[in-house]
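Chain nomenclature is as follows: A, B, C, D and E, assigned in order of appearance, with residue numbering initiated at 1 for each chain independently.
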Amino acid sequence: MTLTVVAWTVAGWLVLVGALGIVRSRDLVHTVVALSVAQSGTYVLLIAAGFQRGATVPILGAGGAGSSPVVDPLVQAMVLTDIVVSATVTALLLALTIQIAKRHGTVDPDELRALRG
Amino acid sequence: MSRLRLVLFGLGAVGLAVLWVVATTGLPPVGTDVHPYRDAAVAAAAAHATANVVSSINFDQRTFDTLGEETILLASVVAVTTLLRPADDERVEPPDPPPAVLPATRLAGWALLPVTLLVGADVVLHGHLTPGGGFQGGVVLATALHLLYLAGSFPALQWVRPTRWAPLLEPAGSGLFVVVGLAGLVVGAGFTAEFLPPGVLGAPLSSGTVLLLNVVAGVGVGAAVVSLLGQFLRQEIVIGPGAAP
Amino acid sequence: MSPFVLLAGVLLVVLAGPGLLLASRGTAVARLAGLQLAQAVAVLLLTVLALALGQPSMLIVPLVTVLLSFAGTLVFTRLLRGVV
Amino acid sequence: MTVLLIIALLATGVAGTVVALTPDPQRQAVTLSVYGLLLGTVFVLAAAPDVALSQLSVGTALVPLLVLLTVRTVRRRGGRSGGSGSDGS
Amino acid sequence: MNTVDVLAPVAVTGPVLLACLVLVAGRWLPRPVIDAVALAGAVGLAVCGALLVHATLAGDAVTWLGGWTPPPGAHPVGIALVVDPAAGGLVVLVGVLAAGALLFSWRYFASVEARFHGLVLLFSAGMTGFVLAGDLFTMLVFFELMGAVAYALAAYKIEEPRSLQGGLTFGVVNSLGAYLALCGIGVLYARTGQLSLAYVGETLAGARPDGPAVVGIVLVLVGWLVKAAAVPFHFWLADAHAVAPTPVCVLFSGVMAPLGVYGVVRVSAVAAPEVPALRGVLVVVGAVTAVLGAVLCVVQRNLKRLLAYSTIAHIGLFLVGATDGGARAWLVYLAGHAGVKAALFLLVGGLLARFGSVDEIDLHGAGRTGDPADRVAAALYVVAALALAGLPPFGAGLGKAALEESVPGALVPVVVGTSVVTAAAVLRAGLRVFYGVGPRPERRVDLERTSGEGEERETTGRLRHATATMLAAPALLLAAAAVVGVLPLIGRVGALAGERLADGGAYRAAVLGTGAVAGAVPEPVSWHPPGVVTGVLTTAAAVVLALLVLVSGRVPARRRRPVRRAIGPVVLGLERLHSGHVGDYVAWLLFGAAVIGIAVAAPTLG
């Protein structure tokens, strides 16, 4: 019961607090890192969805040849993909931030005024 | 304006939190033993003699997702290379002399290099048996290479010339991944189908295409991370300032 | 509760308590101390967990962590240079 | 083990909050590294060593390196940030 | 194996393979070869899509990848690609627009190696994968692929500050949308134990809608709505479209954003539980999007931004049509709109190459050079603007007419008004720039608004003449839009595709293998006399409106003031909301997600 509440709450909290980080951000590098925190909330969510009490790692033949149940491997595969996506998107957005620093002379979103209306 | 932004965010966050409670209270508790997909996936992995079920999902049952993931990696490497290309008004400068590094650090860096390479290779090659696989191993391998930079040997890193071969190796890896997928189509088994003999569960050379794809992915990911880091290092070290903004 | 689990609990509390606390206060360089503590404790913790779970194949996780922590530490010492 | 998982999850939540709300990216990078370790622990406790490996390999060296390199390049180009207390320049 | 088993995976991986080839061999191959290979890939994709449509006219085709076809009643472990005429048709659209973009950029970006081509091919692969995926997580992976390429393409012009800012905003907002969608997918997975769209739908179909099902679906739909740029998730679109290189805008406006609507329709038809409130909410979102897009379209002076807001307005119409009665019409409208809008973007790109600006006021009368190529460009622009208003026989007009026939009466004014107003704005700008109609507006520095001056040129130097490919690409696209309107086959297939897309039951039956449910063959979309008349009338209305605006410059300021006083503050307020600040956009994203979620969940769950 406690585990259920904690896991779902932490997952949702991380997504929201990451978004809060973006909203409050005064530095685009910080924005990008906060975005990756928001994404890590989805890791927790997926892992929690596939967890089973007392189950072992999803590797066959380990821990007694299929005698004990394993946790859901599918969510783990999804999180693996998710982590790759997170790393690549972070790299991409950081590259954009570098160019913004060069062209705008600032990485403070409050001072970027090129697009409006 | 920023006040309004926070108010808006607060309202949205409260609303989403309420929805989140509505959603999660209706779900089965965390730790439940009802996992229908798990049961099917474990049976499928056993049928193809892949001990690591996660690898079986990534490189056999749901290869298409991994193909998409590899393509994302490729795309972002191309994207970063494109975005960080020297602009018209920038120049490539000779690198700064590397800062002095303690001899102990340098020694540790060189000493750990072969160990890290070895572990990386192991993680890739045993991905179908033990935790790990192409992605994790690829990152470890790429990190090993950058120990050269971190331990103060930027010239050594330049000597390896990762920026020459990595941007070619990475699309080659992705292309090979697609080719292995298409090979299944050519032999008539269907796209990304297993077409190698699966072998015996737990043996080093088991699980057919999973091992092959793990290696291909490992090469691709390693090259991708090397080129990504190479682009960022180049910004820091050899690209001179552009015009005033 | 097996001794391994108890030990893991203690290590986890150290990682999450002092480690996180030190890593979240002060300048970037001051935070490095917390990171160092956290890395060392995390490696121990992951090893103990592999033993507690009876999964020797999981020992690859702390092994990779050791190697990458070294790289990570070098990242920070190298790139936070001149920041003090 | 469940108790450990709960503790680790709570610690992850706290660490994530600290990372997201640390305004200066250099300090954030250090905390991010610790956050990655905690996430890795959660994954191990949830019997997901594959994911833990992934998270640890990305989170401990790769992403902090990218972040710090970006910060250095940005500061070198005179990029200003609105973050308070930049302990860099 | 049948054709679909081969063609569906090839449609996704073929462009990837070609991209790899181009990227590896690009540094040794001469530029024309790279152009030709990429162009051949895009055309091949279109052909592939056409074959897919042909193969699925009788019923949806399902191919389980890797030989993981689940036995009847068993739990699936693999990924299914599901092809129906709508999916096949969108593959055709992706191929055609990519070909148009590549053709146009033949002389463009002289300095770039093969990376641009590689990115366009990867982008096509991402869109194709999203369209064909019959699995929620696969959809998300290809959604992210589309995104990753799109952020880079939006910011392709790294010398230009605006372009970089637009790219970053696009990246952050879209990624956050994708994470919300992933949360939804996680909740749906925890609820049903399935990832396959059809199996999720089958699991939810029997039960009363519960909290996880409703919230999970809403979160997934919010992710797709961010891509579709529905209000209030639309902010990124104008910023990204206004700054992206012109050939890229073609793909963004013509197909990437509409794919968001496709995703919404697909997922809500197949997997959403029976929730009446969902339909109503989507219609309201669509209508608001249409109206807001039209209003903001009128006040723009940056031509690309003007076209971007017009795209937002039309996406609103697609959403309205797709969810409320217009199932048979909206795909035809989408195809016709794509051709016309693509042609308009390319013509504006031609202006940028010729005159180094995309600012309506700055370029006043600039097109009157007497150069025959410029005259052709001017004529094409005017025709495209009229086609946008609904002029027969173009496909946009046909789709609009069919939409007006099928949506409820209360929504007809929205459809008519939006298309008239946006077309009038587009026409006004064209008449000013190409023909110098109306007095030259005073040039003032306007900090509140994005101008079109100082935009980085995409060619190496100022072009003396518009090149042949730069005129041929828009002309061909416009011709394609005309073909959409004239060819009865397209009206027939379009209607069928739309109805089948909305029929989630048939999709589920095809994937689960429980026997195909033969739907009735819908009435084809074709020109009827009333449709022709309204098409001509709306075109005339757009012309009159555009001329009125142009002439109103001659009206003394004293007479204009009351009008401005009445609507000025509202419009100005709306414009101020589009601050270009990524934090604002993220706040709106969460706020919108919460409002949509509560509006759907509250009436359903009581």
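Here is the rule we use: a residue touches a chain if its C-beta (ideal position, glycine included) is under 8 Å from a C-beta of that chain, and two chains touch if they have at least 3 such contacts.
Predicted model only: the values in this text are computed from it and were never measured.
Asker: Could you name all chains that are in contact with chain A and with chain B at the same time?
Answerer: The shared contacts of chain A and chain B, listed by label, come to C, D, E.
Asker: Could you see whether B-D or A-E has the larger number of C-beta contact pairs?
Answerer: A-E
Asker: Hey, which chain ends up farthest from chain E, C-alpha centres compared?
Answerer: C
Asker: Between chain D and chain E, what is the gap in Å from one C-alpha centre to the other?
Answerer: That pair's centroid distance is 36 Å.
Asker: How big is the gap, in whole Å, between where the Cα atoms of chain A centre and where those of chain C centre?
Answerer: Inter-chain centre distance comes to 20 Å.
Asker: Measuring centre to centre with CA averages, how many angstrom lie between chain C and chain E?
Answerer: Roughly 47 Å separates the two chain centres.
Asker: Quick check: how many Å separate the C-alpha centres of chain C and chain D?
Answerer: 13
Asker: By the touch rule stated above, which residues of chain D touch at least two different other chains?
Answerer: Correct list: 2, 10, 22, 24, 29, 47, 49-50, 52-54, 57-58, 61-62, 65-66, 69-70, 72-73, 77.
Asker: Where in chain E do residues touch two or more other chains at once?
Answerer: 137, 141, 144, 148, 151-152, 155, 158-159, 161, 187, 189-190, 195, 579, 581, 583, 586-587, 589-590
Asker: Residues of chain B touching 2+ other chains?
Answerer: In chain B, residues 2, 5-6, 9, 13, 16, 20, 24, 27, 31, 35, 37, 41, 52, 54, 57, 62, 65, 68-69, 72, 75-76, 79-80, 83, 87, 123, 129-132, 135-136, 140, 143, 146, 228, 232, 235, 241-242, 245 touch at least two other chains, as defined above.
Asker: Give the pairs of chains that touch; include all such pairs.
Answerer: Applying the touch criterion to every chain pair yields A-B, A-C, A-D, A-E, B-C, B-D, B-E, C-D.
Asker: Per the contact definition, I'd like the list of chain A residues that touch chain C in the complex.
Answerer: For this pair, the touching residues of chain A are 56-57, 59, 62-63.
Asker: Contact residues on chain E for chain B in the complex?
Answerer: Spelled out, the residues of chain E in touch with chain B are 1, 5-6, 9-10, 13, 16-17, 19-21, 23-24, 63-68, 70, 74-79, 81, 112, 115-116, 118-119, 122, 125-126, 129, 137-138, 141-142, 144-145, 148-149, 151-152, 155-156, 158-159, 161, 187, 189-191, 193-195, 210-216, 218, 579, 581, 583-584, 586-595, 597-598, 601, 605.
Asker: Name, in rising order, each residue of chain A that touches chain E in their complex.
Answerer: 11-12, 15-16, 19, 22-25, 28, 31-32, 35, 38-39, 41-42, 45-46, 48-49, 74-75, 78, 81-82, 85, 88-89, 92-93, 96-97, 99-100, 103-104, 109-110, 112-117
Asker: Quick one: which bits of chain C touch chain B in the complex? Just the residue numbers, please.
Answerer: It is residues 57-58, 60-61, 63-64, 67-68, 70-71, 74-75, 77-78, 81 of chain C that touch chain B.
Asker: Can you list the chain D residues touching chain C in their complex?
Answerer: Those residues of chain D that touch chain C are 1, 3-4, 7-8, 10-11, 14-15, 18, 22, 24, 26-27, 29-31, 33-34, 37-38, 40-41, 44-45, 47, 49, 52-53, 56-57, 60-61, 64-65, 68-69, 72, 87-88.
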